[in-house]
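Structures given as structure tokens follow.
Shared between the two complexes below is subunit A, which has subunit B as its partner in the first and subunit C in the second.
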Partner chain A sequence: MRKVGVIGAGMTLFRRRLQETPKELCYEAARMALDSAGLGLADVDAVVSGSAPDAFDGVHMKGEYFLDGCGGYRKPYMRVFTGGGTGVFSTIAGWWHVASGLADVALVVNEEKMSSCQPHPQSVFAHIWDPILDRPLRPNLIWIFAMEMNRYMTVHKIRKEDIARVAVKNKRNAVAHPCAQLADPNITVDDVLNSEVMAWPVQRLDISPPSDGASAVVLASDAFIRRRRIKDRAWISGVGWCIDSTMWTDRDLVFPEYVARAAKMAYKMAKIQDPRREIDFSEPYDPFDYKELHHLEGLLLAKKGEAPKLTREGVTERDGDQPACPSGGLMGVGNPIAATMGIKVGELFWQLTGQAGKRQIPREVRTGVTQAWGDLMQYSCVVVMRA
Partner chain B sequence: MRVGIIGMGIAGFRPATPELSWKELMFEAASRAYADAGVDPRADVGSFVTCAEDYYEGFGIFDEFVPDQLGAVLRPTCTVSGDGLQGLATAFMQIQTGLVDVAVVEAHSKASDIRTFDGILEHGLDPIWTRPLGGHAFVAAGLEADAYLRGTRTVRKALDAVVRKNRGNARFNPHAAYPANLEPSHLDAAEERFRPLRTLDISSLADGCVVVVIASEPAARRLKASPIWIRGIGWASDSPTLETRDLVGAAYARLAADQAYRMAKLRAPARDVDVAEVDDRFSYKELQHLEAIGLAKTGEAGRRAIRGDFAQDGRLPVNASGGSLGCGNVLEATGLHRAAEIVCQLRGEAGRRQVDGAKVGIAQSWRFVPTATGAVAVLGASA
Partner chain C sequence: MGGPHAVQLCRGDAGMTSRVKKWPGTPIDSEDLLEGRVTTVRFRPEAKYAWSAGEAMSRFLEELQRGRFVARTCVGCRRVLFPPRMFCERCFRPTDAWTTIRDTGTIETFSVSYLDRDARRIRDPILVGVVSLDGASPGMGMMHYFGEMTPQQIHIGMRVQAAWRPPEERRGSVLDVAYFRPLREGDG
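After this line comes the complex of A and B, so read on.
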């Protein structure tokens, strides 16, 4: 297995309605990532792209449509798609392109343009359900996440305030992110608790916004990194991914077993025995505030039911012992589904190479973990990176 | 590390499968593949790869609906928005990393569930530059066929030879939706659709599922399997814009073949390949692809097709399975189906369509209109 490093990253603004076409968004992110790695398209052996439902952009086979924007023209080009999990999964796909020896340099580009979908991207989620068992009930995403959140709160006796603290932390962290859509330096727990109720217990400020955006990372083999004397690199030392049954109604929603399995796969590869001690910071997927807590537990960074306590005690703050979402996460920076790679894998790269600027964790960090979550509350992928 | 195909299963390949849901179709093909390979998906398989496109499936996120019927619950699983051969390449790379040693690739078509196929293809056109022109997506194929025939000085009659051969070959394939014994009069009577293409030049949709199990050499030995080796695999994309792609030479196929041949150390494919399965979802594509991947010289494929070189008993049997014209267009399963066909041939299990003494075979795929993306796999009975 060849050693693979991330050597560049880039991302566009995350905004509700960007004027650029999907191709243009891909181009911008790819250009930034290549520039930051000091490479040109001629150095790239293979291109991987990630994007969530085609129906957002309204283009069938959208991976084919925007491939020239990604730099895939006349190159081996492949799109992977694991729902919301694509945000981290495409990096894993890029990893196997290089680790297998088929490519020395792989460019990974993720794009999402949710604003093309009228009247609201939520309508695409009407088509993610089992057509016989679920769809006739006319569920929407907020509905089922309300169920999951409720179950989590009920079983562990968690107060809503402790969940709202995640939204506050992340939206405040996002103030330092130049691409952020929903940063707020003055937000309080009360603001979250007083926001509009969408489907109890989910309130408006518990949810990340729909966004447009793109992000890209450049991966290279250790031989290439040495040959080019590339200084800013962070190594991918563990990858894992896992899917649970389609039948979400048959699962206990209180603990994401599929996250734990993906994490164990990645930790085994990275030779991590005690994640809480060996991992310095994390970028768990946080499309809803409670999901950060859920995922910290799934990543085995908190005991079951204890992630809210860590948040209350400030352990997961940027200057805490175990920072979570120092980027500002999806809650603060925005949620262009697959393009969140920039605040997940990208943030790990920037933190581990000391390039996170105002977001830099104030102590030295050597090991980080990131994770994304997707499909029907059933999919997770995990990447461990080291300085 | 050597990687080989140790099992495969095929289900469907009929114009419609009303008695099966897409899940049941997948279950059937997967069960056959696991039995063929002698593996238990819950214990022996390290990774599952599905090839699917949302619009074809009618879902927002098709990946959700994959695990249960494949035995992949709580296992590493992913979707590649690509052709089955790209899925095979993905599983191949995963094994090459050393992270997994047995992987499963699945691709299917439940085309009979699609009520608006033309509309879906139209949504694949560039929304700003091409879609507003209002043409059917097959116009892209008609234009390309015209450019190919003119650019290589190929006569239209060569397309008839392809159609007649492939529909005829399908008669000997139990997994074929459209076998036919076509007479020249049938071909002459075919209605013109997307000039120069006629109705019989266009493959018809079919339902089908293909599942393939691949393994590293040590794992194959442990499982006591006799693999068909993946000697080389490549994939590539040309420009997505109709106006700027290579309409005559199928650059995507040429580049994919270059990569696959380099990996397989195949220096003279035209000499060393015994059997080939190439994408023929439009009749001209078979000729164009044969030239692009170096199995025929540019401008000669048509003449050789008329001469019968590509017949089952010809110098280079092409699409002995019946191809997509004979078996049906199974969307993203097309490439994987062809790889499975080559496995059948190299194992000597192809029955009445067997090509005698086949040792090296090529499967080539294309992602259908409006794309310019394709893949090539070189398979060998020995490494």
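After this line comes the complex of A and C, so read on.
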């Protein structure tokens, strides 16, 4: 397999509603990523796009619909979809295009426009449930998060305020992100604990918002990077992904085993034996505050039940020993599902090349890991990157 | 639409996020949409479905009408699989036999929901969660409602029993169980 580097990234604002069409958003993100790499579309051999369910946009063949904006016109092109995991998975799909030798340069563009769906994208989230077993109960998507969070809190005896600290950290981190939707420099743990109860234990400020947005990254082979003398690059040194059954009522929700399996696959490829010592920072998937904790444990960056302690002690702050979500995460920057690539893979690229501006971790970072999560609490993908 | 808006940033030009002056995207709010301040095109899909329930679920739904839960056994992994399935995803072979399990179980997790499925607020909360059923392999169960208990009483580990609808009201649906209620002393 060939060595693959990320050489450019771009993203749009994340907002509840953007005026631009999916195609226009894709174009903006893709153009920025190519500009930042110093490349034109003619340099791109293959294009991969990622987007979550078609029902949000109300357009089937969504990948085909916005491909012009992705730069896919008359090129080898594909769209990938792994639910909420798409935000990191499309980069893995781009990676295999280049690692295999099929392409020297692959452009990866992710888009999500959740505002088109009226009155609220929740109504199409209902379509993910099993039609026979689950749907007659008229489930709300927030229920599964509430059930998983409750199981995690109860088994490990975690206090709600220790979960709320994640929301506070990420919404404060997001103040330094120019695209952030829900940054708040003054938010406190009490604000989270006093926010409206949606589905206990989930309260309003435990949740990331639905958003519109797009993001893009450019991947290239080491030969191309050398030939073009590209200095700003971060290497993809490990990838992994894993899925469990949709029969989610058959497994203990306290620990995401499939995340650990995906992480072990990526760590093996990256030759990482002790993730807690060898990984400098992480961008775990944080659509809800407890998910960051759950995923830090799944990524083997914290022992089972101990991620809240790391948060309480400041270890995961941007200036801590093991920063998590220095971007501000989905909790602070926003959650346009697949487009969160900009704050996951994109953030790793910007941090590892020293381009994160006010978000830059205030010490040298050489190895980062990012992860996304999706489907019916069953899927995860992991990417390890090195400076 | 912007032209190439990101300055050329490669070759050691540090700080992309501070160099980009205008990040693309034009925020609008819901009033802009509803009051026609931005151009919109509307569409309401007419999508209707009839799902064949398949081999395992058809038998499962029939048995619900008789007031029973059924599972499938697999001699490969020695599990009693619930919800029942015709093949074992672990052994990747056909499952072996039908077996009736009990209508009592344990609350594995739950939520007290103030939201309906369209994220609309409701005043009286729905108690919902996962119940693992006695007789199935450990931890195997289903999502359902809980009733005859308050949000203060419900807890993980609570023993519960199915509250079946009267036989004439059963339709071959998971809703043939109205909810799970606390298991009373001497029951089950």
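Note that in this section the second predicted complex is superposed on the first by the 387 of 387 C-alpha atoms of A that agree within 3 Å, B and C clash if a C-alpha of one lies under 4 Å from a C-alpha of the other, contacts with A are read in each partner's own complex, and residues count from 1 in each chain.
Definition applied: a residue touches a chain if its C-beta (ideal position, glycine included) is under 8 Å from a C-beta of that chain, and two chains touch if they have at least 3 such contacts.
The structure presented is a predicted model; accordingly, all values stated were derived computationally and were not measured.
Trainee: After lining both complexes up on subunit A, report clash or fit for subunit B versus subunit C.
Mentor: Overlaying the two complexes on subunit A (C-alpha atoms) leaves subunit C and subunit B fitting together cleanly.
Trainee: Give one of first, second, both or neither to describe whether A:E364 is in contact with subunit B, with subunit C, with both, or with none.
Mentor: neither
Trainee: Should A:G58 be classified as contacting the first partner (subunit B), the second (subunit C), both, or neither?
Mentor: Touch status of A:G58: both partners.
Trainee: Go through the superposed model and pick first if A:M247 touches only subunit B, second if only subunit C, both, or neither.
Mentor: both
Trainee: If we overlay the two complexes on their shared chain A, which of subunit B and subunit C does A:Q355 touch? Say first, second, both or neither.
Mentor: second
Trainee: After superposition on the shared chain, which partner residues are touched by A:R229: those of subunit B (first), subunit C (second), both, or neither?
Mentor: A:R229 contacts subunit C only, not subunit B.
Trainee: Which of the two partners, first being subunit B and second being subunit C, lies in contact with A:E257: first, second, both, or neither?
Mentor: First partner only.
Trainee: With the two complexes superposed on chain A, say which partner A:D274 touches: subunit B (first), subunit C (second), both, or neither.
Mentor: neither
Trainee: In the superposed model, how near does subunit B get to subunit C, counting Cα atoms only, in Å?
Mentor: Value for subunit B versus subunit C, nearest C-alpha atoms: 5 Å.
Trainee: Taking the two structures together, which residues of subunit A meet both subunit B and subunit C?
Mentor: Subunit A residues touching both partners: 58, 126, 131, 245, 247.
Trainee: Quick one: in the complex, what on subunit A touches subunit C?
Mentor: 7-20, 24-25, 27-29, 31-32, 35-38, 58, 119-120, 122-123, 126, 131-134, 136-140, 142-143, 146-148, 150-151, 154-155, 177-179, 196-202, 212-213, 229-232, 245, 247, 249-253, 350, 354-359
Trainee: In the complex, go through subunit B and note every residue touching subunit A.
Mentor: 53-55, 58-61, 63-68, 72-82, 86, 89-90, 92-99, 120-121, 123-124, 126-128, 234-241, 251-252, 255-256, 259, 367, 370-371, 373
Trainee: Please name which positions on subunit C make contact with subunit A in the complex.
Mentor: 1-2, 4-18, 20, 23-30, 32-33, 38, 43, 45, 49, 51, 53, 57, 61, 82-83, 85, 89, 108-119, 125, 128-130, 139-145, 151, 156, 173-175
Trainee: Quick check on the complex: what are the subunit A residues that touch subunit B?
Mentor: 1-2, 21, 52-55, 58-61, 63-68, 72-83, 89, 93, 95-97, 99-102, 124-128, 130-131, 239-247, 257-258, 261-262, 265, 269, 374-376, 378-379
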